[in-house]
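A, B, C and D label the chains in the order they appear, each numbered from 1.
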């Protein structure tokens, strides 16, 4: 392995908002040789994505490069001509919001084929390459799937399509921004193996942005940690990364506390024999579950198992073929303030798409407050700040538009917006996929607190089993649109019965709390 | 909704629209002042003669009956006979409509690629120098009424440089294609306006799409130039663009009357204008109905293209 | 190296092809001024006219001189006076028709876009029924039915242009309606009106403005064309479109009577278009 | 371009070389796709011009000739003593293109088609004066034609150049049909034009009047500017009916000659005052309105001098037009005082007009200004093209309406339009004048007839309800080297039987 050839060098890079303001990246300096993997970790909003983008010579609109240089394979990506030589050929990039990064008009197959054609010179077997790429990211490569468009696949599938496209042609420098954010543990593990295999031939390098310390630890040769735009630590994974799972409590957390509240009398979320379809393909088959008020139920399952579809059915965004779903209020009184707010609110998986690009965070938050809960403008302003605080965002964010937020910030704004609707039930579809463990934990703690104080009921769609272990009372495991297992979180995670569950738990970074028997 | 169902429904819908429309056309001709009888019997005819003509034209029958007769004839391809010159309407339409379609077709053939090209090059780099140039030129061109641009083109290309004939004289018994020089000025005039309009509409939607995350991603992954424009931007910007082109086509087929009269081009628009002026009711009805049918067809095609190009709309809701 | 950087430090990079919108303040200002001038000429012109716009004051097609600043027209009338008096029709008719068509198109288009697909399609069918009438046929028939009436021209122009607004705006609306944020708003319980006001309108403002500008320009042109074809209020009322028609044949004798109204019409259309583009860009720009 | 194809504009314009034989290309207004070969029903000038090149006529008006007409397929017309029977004597040896000879049966058939109801005014004139149903043949070459009432000027009516002869039994008019005119139609596209080749069998050839052109192409070009443009870019050699401005600009070009139609083939532009409507029942008001018209200004402004001042009577230049009548002056002061005397000062009136012929709206525009100058609160209502006469009943109820007079003889026109309180008389009811006109037309002594006719016209001039300020010619233009069109110009529209390219 010839590790001496330098592929990437960043010197004193400083990025900041146009027209002044604290920089989002300060004096970043780093270097990377071929055959090496650089992990970039740090809290949400610390500047990881900004750094990743600058490696391609791109600065998000609203930001500007204030100083510093970037050199990739001896070229300056900020130079137009050089960028042209670099992008797509030398450097491949996978953005943080795969759903938003896929072209809605292009079929999956075309999308990947495009990437293949772009990077491979000769008349190679494009179809064959597309197939093998899709298979390598564990996606079906049949014609029907190839002919789907991005809005017809699940979040995790979209992410893998984007990953497949990024891997096409074997670029020398891979810049991957949260490549496994929406993937279940099994897939995340498989992707890790895929990447390891890719790196093995030695003349590639990769920059991995991730909030998942274990994932980074497993893949990266060097790691840098960012905080508030500053590189606060760099070195080997062991030196930089905290002993993540050493501190992560395994097993059931204190979620059970909420259950002590008299749940039955306050209603429950009940789903009866629910079936739903996309076009002709049925993706949910008779799902039934009950979530008592004030408790948290986790929904886990492999990517594409129907979790998002279930979530959408609960809030009426997806037509139900059969069965019912809804909030049964024990007291009979209408939930929420003015009564117009729906009892069940959804935090969507595609956080970028779910935010109106022209609406500031302030407007996004005050809309439900004034419109649904009938607050005055002043009250709403105060409440908006409070809710923003709940999800760990500073009030300065209020005036930003979605395009000016980091991925994790967007996700939290989405959550905050749902909370502003004062729901009885919050359906959270992968709300921590773009958050580092610390902030993710903070957000979930907030939810737990709300469960306790307000009796909020939470349906947590997630792929992060640590989270499940910590915050969920109950778990259902979906596979192929069917509930294959359900039960108390502790039991399911400790003694998974169904093979799918077993696999998920087995691949979890924390591992099964106890060895499955 | 499957394709067959979609298209079938649209076709049936267009058919129903056409029936309704022909009724409206029939009623609308009532707005025309004056009496068909005057047109036929001569302006100073005696009342006896007028009554005779009225009966001969069947104008003494109730409107519903007249419409039924007319519609029955229309179904069999007979749109009646014009009052003036007593030529069968179908013959007139058959002689003139192809000419108008030719003009519209040539203009579109010129406009569509150019507008897409210009709209893309401007919209992809909104605010850039190309954008400013193209937008400004498009504004200018769109701002000049057809009759003015026609006059300008004539002054320069025909009177001053003597490159092109002043009028589009079609060889007798031939088609306009046999005297292609005569087509240049009308097509140029129409193109100026159509191109400007189309370019602006396409530019707007392209600029919208160009600012989206997926185009940004595509750019970052090295997609650029024609591939970016055609594969990534255009399909997403095409919906509104198709609407725009539909709109323009409609204007070109039925509304080219100014150009037709300035260049004396034998198109259907002028025939319609003359028929209205002469209160040749059957002619107005016939031409209007046929034009409506053509427009419906264009809208139908526009809808089909729109759906073909709309990745999401077909599935949700 | 560092020196270069220091100098470049405050520059905004054309970062790898991502467009940086230059501030073009002077252009909208200029366009706005131009539009105001034309509208002012159109509306207040009659007060400033030195002579009666209809009186014959000399021989036809005299070249401009001290008494007749823009010369005389085809009937020996003062061109300046006629230009000053001839804009009212164009400006008022054009703006009136645009307002009517724009409002109708906006309401119908957006509602059709918001409504379930079936309902929207039905609305579209009705709209199509109007759209298929060639604009000029409408103008011709209505002008023939109500001879000499500018209102008929307004109605015809509005009728002729509105259907396309409906189509364009419905298409734009539908694109917004299926986005995640619109769905989120529905799911959260926002009323249709809230979705309309917050999600739909701001996001279709670009196309809507561009469309309205096109509509205005089209109205101005149709009105002028109606004048050109001798529809609407007839002679001797001055009307820029009509003046062009009247005076084109004399262009080889003197160009002023033909150029003056032409310039005003073109100026108005171009300024309106530029302003609308700028507004649309400004609105679009906010999403970045 | 003897081969009939269109020469390249540049070459034709530049060369100007004399062409013998050759194909002449002429442009007319045309009537769009509803143009028809059936000239009895073709309302546009184009239809008539085409028909006249294609078919032979009974005769043309020729003030210089003996009977005031130059005969075509006729040798002559005899009028019976009591002026109630006209005998048409056919020329011997006139042949149709299919080889058959022209007989009285053919003339009778042509008359029958006419009787069956053409609605064109020119043809109605014939059917109103002659009892076409009772026409009969007397041998192969004679047709007996009774009149409705005794008339002396029947020759002028039959030989206006537009009474054309077709073969007996003709029902449909089509390209290949047999004709006996100067040219044979080879191609016809409605609204675009027609192409002809010389008819070598034309009877006129023997008389030295034969067509000199090898071919003829008539094109429809509706717009005046476009017609002029086609001439100047060499696409045509002759253009008909230019707008005054176009004609003026073209006259500056040395390559072309302006050949306006001559008296009597001028179109009168007039305003009709409705005597059924107050205050036009007062002759002082009518006189004031006539005095108010600044005719010179109209001629100068609207027609750039290319027109003739009118004297409130139609048919100027025709043989039966009144002689020695003084021109009515422009006298706004007197007009004002007349109005005052009639108690009509400050009266309000709307003049309705429409672009039915070039100059019509413009003249009306100026007239309204003239009326304002004498204190009438006049305004103009311009209707879109084709609408003014659309509802004729409504038209005849208008208080003040624009109108135009095609060139036709004075007295016969009067009988159709004004006598007996016809609707188009606008309330003019003068049995005395009607009687004078009938008497004049029934008089076999020309001098006396003229005197009586003049008397009638003087009364009409004095008391009438028509302001006729301008006679405008058809402003035609031709390329240098075109000759002889005028020689066939016996009618308001040009003929090409004697035209040549030199």
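Here is the rule we go by: a contact is a pair of C-beta atoms (placed from the backbone, for glycine too) under 8 Å apart; a residue touches a chain by one contact, two chains touch by 3 or more.
Here the structure is a predicted model, which is why all the values come from computation and not from measurement.
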> Which one of the chains is closest to the middle, using the mean of its C-alpha atoms?
Replying inline: B
>> Give me the two chains with the most inter-chain contact pairs.
In response: B-C
> In whole angstrom, what separates the CA-based centres of subunit C and subunit D?
Replying inline: 46
>> Between subunit B and subunit D, what distance separates the C-alpha centroids? Give it in angstrom.
In response: 39
> Distance from the CA centroid of subunit A to that of subunit D, rounded to the nearest Å?
Replying inline: 88
>> Centroid from C-alpha atoms only, then distance subunit A to subunit B, rounded to Å. What do you get?
In response: 50
>> Among all residues of subunit D, which ones touch two or more of the remaining chains?
In response: 225, 384-385, 387
> What residues in subunit B touch two or more of the other chains?
Replying inline: 32-33, 216, 219-220, 224, 276-277, 312
> Taking each residue of subunit A in turn, which ones touch at least two of the other chains?
Replying inline: 56, 58, 87, 352
> Contact residues on subunit C for subunit B in the complex?
Replying inline: 16-22, 24, 116-117, 121, 125, 128-129, 131-137, 140-142, 144-145, 147, 164, 167-168, 171-172, 174-175, 177-178, 206-207, 210-211, 214, 217, 220-221, 224-225, 228-229, 241, 244-245, 248, 251, 262, 265-270, 273-274, 277, 280-281, 284, 287-288
> What residues of subunit C sit close enough to touch subunit D in their complex?
Replying inline: 54-56, 59-61, 74-76, 140, 143-144, 147-148, 229-231, 234-236, 248-250, 252-253
> Can you name the residues of subunit A that touch subunit C in the complex?
Replying inline: 18, 56-62, 64-69, 77-78, 80, 83, 87, 315-317, 340-342, 345-346, 348, 350, 352-359, 363, 367-368, 371-372, 401, 403, 414, 417-418, 421
>> Taking the touch rule as given, give the residues of subunit B at its contact with subunit C in the complex, in rising order.
In response: 13-14, 16-17, 20-21, 24, 28-29, 31-33, 125-128, 132, 135-136, 138-140, 142-148, 151, 155, 197, 200-201, 204-205, 207-208, 210-211, 216, 219-220, 224, 239-240, 243-244, 246-247, 250-251, 253-255, 257-258, 269, 272-273, 276-277, 284, 288, 291-293, 295-296, 299, 306, 310, 312-313, 316-317
>> Going by the contact rule set out above, which residues of subunit A touch subunit B in the complex?
In response: 53, 56, 58, 84, 86-89, 91-93, 95, 97, 100-106, 110, 114-115, 118-119, 149, 151-152, 162, 165-166, 279, 352
